[in-house]
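I'd like to ask some things about the structure below.
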Amino acid sequence: MLEELKPDAVTICVPNRFHCPITLDALNGGCHVMCEKPPAITPKEAWEMERTAREKGLLLTYGFHFRHSEQVAFLKKKIEQGELGEIYHTRVQWNRRRGIPGWGNFTNRNMQGGGPLIDIGAHMLDVALYLLDYPEISWVTATASDRIGRKGGRGLMGSWDGERFTVEDGLFGFIRFANGTSLQLETAFAINQKEENLRNVQLYGDKLGASVFPLETFGEESGELVNREYPFLQMRDWHLDCDRNFVDACLGKTELLVTGKQGTYIQRLIGALYRACASGEPEKF
Amino acid sequence: MLEELKPDAVTICVPNRFHCPITLDALNGGCHVMCEKPPAITPKEAWEMERTAREKGLLLTYGFHFRHSEQVAFLKKKIEQGELGEIYHTRVQWNRRRGIPGWGNFTNRNMQGGGPLIDIGAHMLDVALYLLDYPEISWVTATASDRIGRKGGRGLMGSWDGERFTVEDGLFGFIRFANGTSLQLETAFAINQKEENLRNVQLYGDKLGASVFPLETFGEESGELVNREYPFLQMRDWHLDCDRNFVDACLGKTELLVTGKQGTYIQRLIGALYRACASGEPEKF
Amino acid sequence: MLEELKPDAVTICVPNRFHCPITLDALNGGCHVMCEKPPAITPKEAWEMERTAREKGLLLTYGFHFRHSEQVAFLKKKIEQGELGEIYHTRVQWNRRRGIPGWGNFTNRNMQGGGPLIDIGAHMLDVALYLLDYPEISWVTATASDRIGRKGGRGLMGSWDGERFTVEDGLFGFIRFANGTSLQLETAFAINQKEENLRNVQLYGDKLGASVFPLETFGEESGELVNREYPFLQMRDWHLDCDRNFVDACLGKTELLVTGKQGTYIQRLIGALYRACASGEPEKF
Amino acid sequence: MLEELKPDAVTICVPNRFHCPITLDALNGGCHVMCEKPPAITPKEAWEMERTAREKGLLLTYGFHFRHSEQVAFLKKKIEQGELGEIYHTRVQWNRRRGIPGWGNFTNRNMQGGGPLIDIGAHMLDVALYLLDYPEISWVTATASDRIGRKGGRGLMGSWDGERFTVEDGLFGFIRFANGTSLQLETAFAINQKEENLRNVQLYGDKLGASVFPLETFGEESGELVNREYPFLQMRDWHLDCDRNFVDACLGKTELLVTGKQGTYIQRLIGALYRACASGEPEKF
Amino acid sequence: MLEELKPDAVTICVPNRFHCPITLDALNGGCHVMCEKPPAITPKEAWEMERTAREKGLLLTYGFHFRHSEQVAFLKKKIEQGELGEIYHTRVQWNRRRGIPGWGNFTNRNMQGGGPLIDIGAHMLDVALYLLDYPEISWVTATASDRIGRKGGRGLMGSWDGERFTVEDGLFGFIRFANGTSLQLETAFAINQKEENLRNVQLYGDKLGASVFPLETFGEESGELVNREYPFLQMRDWHLDCDRNFVDACLGKTELLVTGKQGTYIQRLIGALYRACASGEPEKF
Amino acid sequence: MLEELKPDAVTICVPNRFHCPITLDALNGGCHVMCEKPPAITPKEAWEMERTAREKGLLLTYGFHFRHSEQVAFLKKKIEQGELGEIYHTRVQWNRRRGIPGWGNFTNRNMQGGGPLIDIGAHMLDVALYLLDYPEISWVTATASDRIGRKGGRGLMGSWDGERFTVEDGLFGFIRFANGTSLQLETAFAINQKEENLRNVQLYGDKLGASVFPLETFGEESGELVNREYPFLQMRDWHLDCDRNFVDACLGKTELLVTGKQGTYIQRLIGALYRACASGEPEKF
């Protein structure tokens, strides 16, 4: 197809395992590429993708569409203006109570590279890292479990086969940044909690704390406590904004919001978290 | 006083710094001892206290009164009967929004040995460890901040002096147990969050999840989701139950619920968490 | 039609008055029959239908689709496992505030055989009797009223003509079972209550009480009170499940959930309740 | 005491068993009498008390203080003015989830004459009968259970001994009035329900329905549905109003609100309900 | 078009500026007219329209469809029956938080004759005046602001251009009726309030107060406070009822609900309010 | 007393009628004076009091304690910093549903000078004027009613005698400031509304709107809507702060928060509002 049509730009939506080879083909075919998240299955692949795009002078971006949300875009501005002060701790959660997908390859490590961390946790990690300006990581640690998944069962997103369940069902991590601050992570396809779907990023700054979904901030004004909520005027279509950013960047009208370099970074973080689960030790980044 | 009255048993309520010397005096004077939590300031002190009591054949216990709550006592039985299955992750939180005590020595590291971790977080850590049966720890890690505390200010528990604030105002940790499971910890005297006081322990088992304050459980029955809540018939006085357990143990009627050995263990954990904050590295336990 | 097409099975949806003759024709024509509830207008008709099906060796079932609900199916299993203990009292309600149907024959005793008892109360009675395992009844009693209906008026289900209103608008009964337990019944097309539509079955067992819509249970665990709620994973289509059961039974794959014998039983109960309203006396069953 | 002081009036608060003999002594001693509810243990006693008072020309009243509530007093007026129209059904409930009194003689049939029916249900029955103007009863029926009580246990009102539990723990009745209307009754010291304490009287009139605690009414205005709630200006002390009525009646300033004749009536009703539980049959009144 | 088709009746939906000329053409062409509200831009125009219709013997009405709502129609009857007693004060509000229309001519005084007063406030003013029976006005006063509108911006109804914003964004008035009672008015396209859209009429009578959207009343019954709410059986289509009233009136079946005379009256009121804003003085009516 | 004790300062709490003569005596006796609000009964009295204090060089203040509330003090600072922008409209309300005081002289115009306006509305008017910086008034208008009061009755603050009720029970006013902005006022001892007690001041600025009790603000941040709430750290005792301000001012440590000049101003406003009720015309200020 690439040879026949010679498109200027392509969008890639396939199982994670094929993200890298197809992206490389497209880049080598001269196309700008927008690839679903996660970038790939291994950090090495992501790096290869980033390097190739750079060498070819082509655009490479990933579909981390939560960055385009009103909440994240608005909070990013506040952080850049220093309103939160120093952010010294971040909590990241995306836990589904019984949300193991009953379709696709989501429970197949070979095809997807992992479970909730690489599928849904990656989105919230990207939101947090973007808001923190992709800071340098010292080391990470995590534990994981597949106890609910490997039993098989029926859930809010269909039934799944325990025998073919080869990914984690929950992962709990800790990231220490080089500047001495930390991030706690929870992500699960299935966990015994009250909420059907718990998805949030919380930032603790010394001037202001923020909860992103929905956006609220907590701090002081003239020595008195203040809570702020933001009833947004209009909700945008985040996926569309994601696509538009790619198209506009292809047309030279704007910068990419999500860069290939950030893709490599988050892929390395995912890799390190999985390594830490396996080794039982903290992993240097 | 010990020499004159020769009491059989004493209760010790003084700044943390004096817990160890007074306890040792009392034990050497032949008294059973019930000491406030935390046991002491350093793990070495706690070990000395435990060793002395054992050698003297005297009782030593600590005032971790949350263990006597209906919620914890009831959940402990459920866990012992295997109702939660394997507990593979635990979340521990005691965060006050603006709760830096304006009185006493709570902000003085020299007198107290630390801030929210040793004062309030220790209670919730003990609840979690007790429910998990004081499991073996591999290593711990944490970061801390004193950014809000050292500014000084006014809060829900009075005003404090930033210049004399020598403890952490928040601490965020991760504990990896030898059995491959983990615990995430947050504890703060002051943090920019919505809740005035957020205090809870949440346990994630593969059969049942539990939230302790108030007690609720989340799991399945015959393949369907079920939530349970427990409107307790009568609320006991936890402090009184704590005292009663000590008196009854002195009279030989029952066993101590909180042992000197557990006191040493939690003091070692507190010490390791503070070491990790200082070193910026995970600390072996 | 029966003669020409000679179908294997038929479904009957006509005014109650025609349930019996058409069912008999179908059975005599060699068809399995699924008939809407109620079975018929009189107990004698229902008995005739049951007898004919038995003699012809054909299947006969009725559309009591609430039995197929997740709530009833799930609770039935709990009761069979003895979780409720002895159920010694049951409360059955289906009261609409202003829900006299403005269309069809629902207010015409000649066509329908009665009002809310035979139209909507019958569903909840069937749920209760099914959960109680269709126990032996000693006698029943009831009073009825048509004071609101015969005035005519406008309601949430259209306008109705008071002059042609020949059924009860509310009926209040008491059933004593041979085992010494009881059931209280309220059912109304129109009644001066707060709720627009009040529909529930509540069972009082000595181990556990249960409220069916939505399903909740109330009891004790280790001497403490416990409430359970069931956020069901997926809601089934009850009508479809009802049809599927009939089709599968025709194909010999399963048993009928609702039997002709139960149909006769509930028709006798409805008949006895109406007789008691008329006589002002308890009626032996 | 009666002989020495020769009081004009006495108030009697003793176990139910002694209501009758002491009241008779007091009446024979020339005193007006206000006796706790229920009047006595048997209808015969209540009749004896009523007859003696009448013969002596003395006042006899009972402490049915709920009649003095704002809710009942206000609703009584509305009923007298015809606002509810014909009341054709009444629901009476006083069910405690775990409220078996752990003190006194409340679980001793010999001393009290019964359990929740005579202790708490009697209050709500009196409210209903008073609002209905103490109508003529045709017959009554009921079933009772002591399954929770005789197990013994601990509840919201203390612990009780199952071996000494000789009363019903729950009773479920049906009353048919001579005018063709009905009343359903539930009363329990212990029952597996969600509410800690469920206490209400609901009246269904053809013009208006009413729920008494709190007072709300449900009906129509000009063909549209209307709900009314009554935020009472001031809550009176019902017990005090009860005493005041007795004192004022003794002073000739007012009529007794609760008469000896009504006391006999309700005692006969209680007796008939207990008889029906024992016989398993409806009991003529 | 009028000449060719010679219609009996026309409906006019054009910018306010053209209401008068087109209506006059239609009336002169022999048509009955139903014109959107407001009648026109100036009182003089409205008067001309009313006079022409009268002289031609044709029907003229305006689309004040809120009068056709269940709430207003029902309350009107209650007022006519004297249930509210004397209404001595009325509060009228229609404030949008950020609801400056981003389309049409709504911000153009030349085309529309004004902003929120003539566009949305007029509806609520009509409701109030209709319920008060279009009482005689002594004088009116008001202030207005365009501070938010003339800045331009983005809101819940699109973006608007501050430079072309020539109407008020908020207007606050006081009307004194000849009978000594008063009406307070607030109406805004954009105002810094919590509610997204605050729309209500409240009437204070000495017997009963009423809030119209939703309809509730507040008063006393036999000396006790009572609140009433009206869960309407069926919601009508107010616009349709408005059209139906016009058609039926054309067919001679009914009277117009909104008359040309009332149209002139409300146009005069709008004119006086705008004059008062300009003069800074109360304006005689 | 003044002669004997020669106090430095006095506090005056007597019926309004005596505010002026006693204050003048005290000032003439050389005392600083803190007088309850309202200053007096007539503007002339208030002016006399202000003049006398000034001539004697003594302090005169009034008990408008709501100014000392956290809400008002905090909002005042925000307004002074320009956060609200231009405040172009203010709504002031203190309406009790049935709160005619059944004790004291509150219903006696001769003793108090008026009803709710002078008793409770004056507090909220002072809050609003203080926040607006006591702006120049052009003219005022109002209507009043005594329809509920003069009937007599029973309410949430006791019973009152309709025959002795000589004040307004509700007053509804409009104030136009010289800068072209406006204030709407409602104040009532008794009015047919839902709320038992409705007490608030709302300010509409072009940058921010504010509701004072409880304090919330409504505006925009970077083009998005934002709501802020203030969970105040500690509630002060407003009356005590009021007294403390007076004592500290007497001791020369601080300025008076409420000045005699402001007292005269608000008394003139009250006088003008009552005049407008009587004349039926707007009154120049």
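Should a chain be cited, it is by its letter among A, B, C, D, E and F, assigned in written order, with residues numbered from 1 in that chain.
In the analysis below, a contact is a pair of C-beta atoms (placed from the backbone, for glycine too) under 8 Å apart; a residue touches a chain by one contact, two chains touch by 3 or more.
This one's a predicted model, so the numbers in the text were calculated from it and none came from an experiment.
Q: What are the mutual neighbours of chain B and chain D in this structure?
A: Looking at chain D and chain B together, the chains touching each of them are C, F.
Q: Common contacts of chain B and chain F?
A: Intersection of chain B and chain F contact lists gives A, D.
Q: From the centre of chain F, which other chain's Cα mean sits the farthest off?
A: In terms of C-alpha centroids, the chain at the greatest distance from chain F is C.
Q: Chain B-chain C contact: same residues or different, taking over half shared as same?
A: Mostly the same residues.
Q: Could you grab the centroid distance between chain A and chain E? Build each centroid from C-alpha atoms only and quote it in angstrom.
A: Each chain's C-alpha centroid was found; their separation is 53 Å.
Q: Could you give the separation in Å between the centres of chain C and chain F, each centre being the mean of its C-alpha atoms?
A: 66
Q: Return the residues of chain B touching two or more other chains; collapse runs of consecutive numbers into ranges.
A: Counting only residues that touch two or more other chains, chain B contributes 98, 154, 223, 225, 227, 231, 233.
Q: Hey, which residues of chain B end up touching chain A in the complex?
A: Answer in residue numbers: 85-86, 88-89, 91, 97-98, 138-139, 141-143, 145, 147-148, 151, 153-154, 170, 172, 174, 176, 180-182, 184, 186, 191-194, 202, 204-209, 211, 216-219, 223, 225, 227, 280, 282.
Q: For the complex, give me every residue of chain F touching chain B.
A: So the residues of chain F in touch with chain B come to 231, 233-234.
Q: Contact residues on chain F for chain A in the complex?
A: By the definition above, chain F touches chain A via 70, 74, 77, 221-222, 224-233.
Q: Provide the residue numbers of chain B that touch chain F in the complex, in ascending order.
A: Against chain F, chain B makes touches at 98, 154-156, 196.
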